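Mind having a look at this structure? Questions to follow.
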Amino acid sequence: MEMEIRSTDREALAKLFAQWRAEGKRILAPKKSGDKIDFAPVTSLDEVSLDQVQTVQSPKTAVFPRVEELFSFSSMDGRVEIRERDPAAVPRTVIFGLRPCDAAAFSSLAAIFTWDYPDSLFSARLAATAVVGVSCSRADEFCFCTSLGGGPGATTGSDILLTAAGGGAYLAEIVSEKGRQLVAGAGGLFQPAMAKNKESFLAKVDVAFDRDKIGPALAALFEDTAFWAEQSLRCLGCGACAYVCPTCACFDIQDEGGVSGKRLRCWDSCGFGLFTLHTSGHNPRPLQSQRWRQRLMHKFAYMPERQQVLGCVGCGRCSRACPVDMNILEHLRAVAEAKP
Amino acid sequence: MSDFQPKIVAFVCNWCTYAGADLTGTSRMKYSPQVSIIRFPCTGRIDFMLLLKAFANGADGIIVSGCHPNDCHYSSGNFHARRRWIVFRGLLDFLGIDVRRVQFSWVSAAEGAKWAQLVNATAEQIRQLGPFRGYQRLRGAGVE
Amino acid sequence: MSAADVFKPFLLKVDQVTDEAPDVKTLRLVFADEREGEDFTFRTGQFGEYSVFGEGECTFCIASPPTRRGYIECTFRKAGRVTSALAGLEPGETIGFRGPYGNVFPIQEWEKKNLLFIAGGIALPPMRSVIWNVLDLRDRYRDITIIYGARTVADLVYKRELAEWAGRPDVKVITTVDPGGETADWQGKIGFVPTVLDKAAPASRDTVAVVCGPPIMIKFTFPVLARLGFAPENVFTTLENRMKCGVGKCGRCNVGKYFVCKDGPVFTFAQLKGMPQEY
Amino acid sequence: METLRNKARELLASKTVRVVIGYGRGSAGGARAVFIRDPRHADGLIFDGTCLQNLAVYLMKPEVRQLGKAALVATPHALRTILQLAAENQLPDHELLALAVTAAGDVVPLATFSAIEAHVAALNADLSADEKAELRRYEAMGLEQRRTFWEEQFSRCLKCYACRAACPLCYCSRCTVECNQPQWIPVPAHDLGNLEWNVMRAMHLAGRCVNCGDCSRACPVGIPLYLLNQELIANVFADFGFRSGLAAKSENAMSTFKPNDPEDFIR
């Protein structure tokens, strides 16, 4: 469809929230809790925080929850009955106020979950999710979306992209059919746009490296163990980077509840030493340097080659969340500049 | 609430309290039937995680009991256990978990009557506190 | 299995339990739903996710050949949570199975060739599927040689089948145990698999070799095969990395850019030479 | 800062140590751990109010241990961690040079555990007045209020194990949460799994934690884990008169006992 550009304001958006609520939709939006801002269910625009550069966690929970039930089972006298999830019963969700980088991340997730064998629960959640992005008016030193083809006002992945135009006014780009449906019945809330260029309202994010060089540079560096040891010396091997990442999709499958219980899927991280540990005690990636290498290779070499999409959108969350300041942008620069 | 029958799990040591409970039975003393006894070699072996597992699996109250000080079959297992109980109780309380749901005691092999009193008193205590909904509600919470 | 429910397992009934070696068992499994069983097909080399409900899933190859219809078998060592639960099962109990997943041994391409199977320890099961598969189609292949070793005599799996194969005039079987692992009445060889292979020196001409074993055995076997003149593309192995999903998503089993669950588990030595040592 | 750099330069040039584990300037004006192996890089060292991480965590990392004898720029908490690790037989004596930086910017090299003990003895090992006041605020809450508070806090836990990774005293090669026969702690980050995980971690640190606060700083979702540790630090001192990380040869509070430990709660 052709993109429509309209204009709206806070008051109209507040009414839109009420409309979505009336339609039974769950609204996930950045919300302040303590000194952290994260996506949480909200009921009104007033609860939404839009001043931050980024939330701590990504909105991937909407389509890839921290813990989800794949199915439940009950066993009796050697017989087992499986009760499947109803994909139609996943919550209809509007994610409001996510940044363009986060919106772009859904295609990376979809690439993993629909690769070859489609994942019905993920696909159902994605189909039931509408994305209302808000352009970035500010960025920080951890942001590098433009180095990966995104931008503070990029529309990719958003169904509607709002850009704050000052004084409570927003430019609204209706990007997709889903976006058009989202505002259906709210025509009055969206006025014809004044011919305004959104660029002037956007943050400036400099391109930090040549993304086409990263994949080949990583491949050339793979066997350079000294490089990886040096790069990862500080890394303590927690999963904070993976868990706040909007595209990290590694997971574990766990049974709980005994013979009549549930099979659950939960997040996992390639940074953990036990991630690849065989029961025999053999570990294909026994060192943290190998696990850090895996993290970068997966996102910047393997995914582009196997799934034709980068596994990173440059949101900078991993760098902000890292307890020991592993700043991924720095590491990517080092990769781009390394001479193997 | 009057017909609430609490589920109580008792973690007891083999040498004193289990024998004491046995004596209660052989002495034909009656006591509250809501208790399920789990026997351990020693109170020193009763990891605090087992207590959490009991709550997670629906216990409304817990009894932990072993040999009196200086009577441990392994000489000091009960002293070590006591330290852990002290710290564990403090932590539970700080987390807002009612420590009245966990009753610690020393019951020797000769104290059949004390075992009956202990179970009855604990059952009454838990009956008053009611089902441990606050904990049982955690099961399944946070799964989408 | 429909694409819509990739994590929903088939239900299989344990039909028969065989003790193979200390802590090693074979389960013969039949589909609880006969129709599903009739529709189920796989090819040799493929694997599945076996689950004990309440304990979880684990990954093994299908150890029976596709030429034997009506059941599948798995052989495993009791080592972790799920295998311990599997080992405790009795006939009549139900397990879950997802699969078949992964690629296959290209046995059609091997027709009219000699086949050399080299296995160590608990790695015979993936090879047993292909051995029975080619024996069931015996006239399509030329000489078949099996070299199998384990640490001790007790650790040799499929003892009955080894005897059956050894008794056939159209199969050559060499069994060996590590030095010190022999018993008083041991009739086979004593020595590590690569050494025994070196001494047996099978001809490499028109021969495909299949090697399965612990990493250390593989490491020392490849050079011997190279010395015997086997081209890397004629040497096959099957990799086992830790997996959760089996379908290319959970992120564990990759060796470089290759997923053992999708691009493997079967790889040639030529392929392995181009892959990092992440297995 | 210049004193520290000079000291590092001298130690590396003389090959007294192979690596100086210290702080360098990191992202967004913060500090980060650096591993200086070349005296020419000693200028990268800093020491100021941003230098909070307990660098003793790296003493347990195999890749760092491989670098050879280390000098460690040590905050008071790091010094106490070293003693606690020593008490737990995790560090040998004379193999590490701790560089304590005083408020005046002087560098005090501490080459032995006894030197560290003497240095630490002059510092306050008690919780601060503010810390005590904060604990009292929580203790004064009603039971239900505290339960609700922690339920909300733990519901946000991601089980990323950043707390564990950042903790120099969480050095087990296989954590309880990774033991699955039986499965002690549920792996998924649901409410029950999160409660059990955090209770288990607090209990396993009882009598050991030196209150460095790195678990809280590491937590991406901001769970105030330090409160649990401080509460247990206060209780362990009140009940057993024990403080961690003050002596290199010391029993662990939780693996010993006194015959007269309080037992008023035992029937």
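Read from first to last, the chains carry the letters A, B, C and D; within each, the first residue is number 1.
FYI, a contact is a pair of C-beta atoms (placed from the backbone, for glycine too) under 8 Å apart; a residue touches a chain by one contact, two chains touch by 3 or more.
Being a predicted model, the structure only gives us computed values, none of them experimental.
Asker: Report the most central chain, judged by the distance from each chain's C-alpha mean to the global C-alpha mean.
Answerer: The most central chain here turns out to be A.
Asker: Across the interfaces A-D and A-B, which one involves more C-beta pairs in contact?
Answerer: A-D
Asker: How big is the gap, in whole Å, between where the Cα atoms of chain A centre and where those of chain B centre?
Answerer: That pair's centroid distance is 46 Å.
Asker: Indicate the whole-number Å distance between the mean C-alpha point of chain A and the mean C-alpha point of chain D.
Answerer: Chain centroid spacing, chain A to chain D, equals 32 Å.
Asker: List the centre-to-centre spacing of chain A and chain C in whole Å, with centres computed as mean CA coordinates.
Answerer: Going by mean C-alpha positions, chain A sits 39 Å from chain C.
Asker: Considering chain C alone, which of its residues make contact with at least two other chains?
Answerer: 80, in rising order.
Asker: For chain B, write out the residues touching at least two other chains, lowest number first.
Answerer: 142-143
Asker: Where in chain A do residues touch two or more other chains at once?
Answerer: 66-67, 252, 254, 256, 264
Asker: Using the touch rule from the top of the page, what pairs of chains touch, sorted by label?
Answerer: A-B, A-C, A-D, B-D, C-D
Asker: For chain B, which residues are in contact with chain D within the complex?
Answerer: Listed in rising order, the residues of chain B that touch chain D are 48-49, 52, 56, 69-70, 76, 79-80, 82-91, 93-99, 103-106, 118, 121, 134, 138-143.
Asker: Can you list the chain C residues touching chain A in their complex?
Answerer: Listed in rising order, the residues of chain C that touch chain A are 3-9, 11, 13, 32, 51, 53-57, 79-80, 83, 92-94, 96, 214-215, 240-242, 244-245, 247-252, 254-257, 262, 276-279.
Asker: Under the stated contact criterion, what part of chain D meets chain A in this complex?
Answerer: 26-28, 30-33, 35, 53, 57, 61-64, 156, 158-162, 164-166, 174, 178, 186-190, 214, 217-218, 220-222
Asker: Which of the residues in chain A come into contact with chain B in the complex?
Answerer: For this pair, the touching residues of chain A are 65-69, 262, 264.
Asker: Any idea which chain A residues touch chain C in the complex?
Answerer: Those in contact with chain C are residues 70-71, 73, 75, 78-80, 82, 84, 87, 112-113, 115-120, 222-223, 249-261, 263, 265, 268, 270, 275-280, 282, 284-285, 290, 294, 297-298, 301-302, 305-306.
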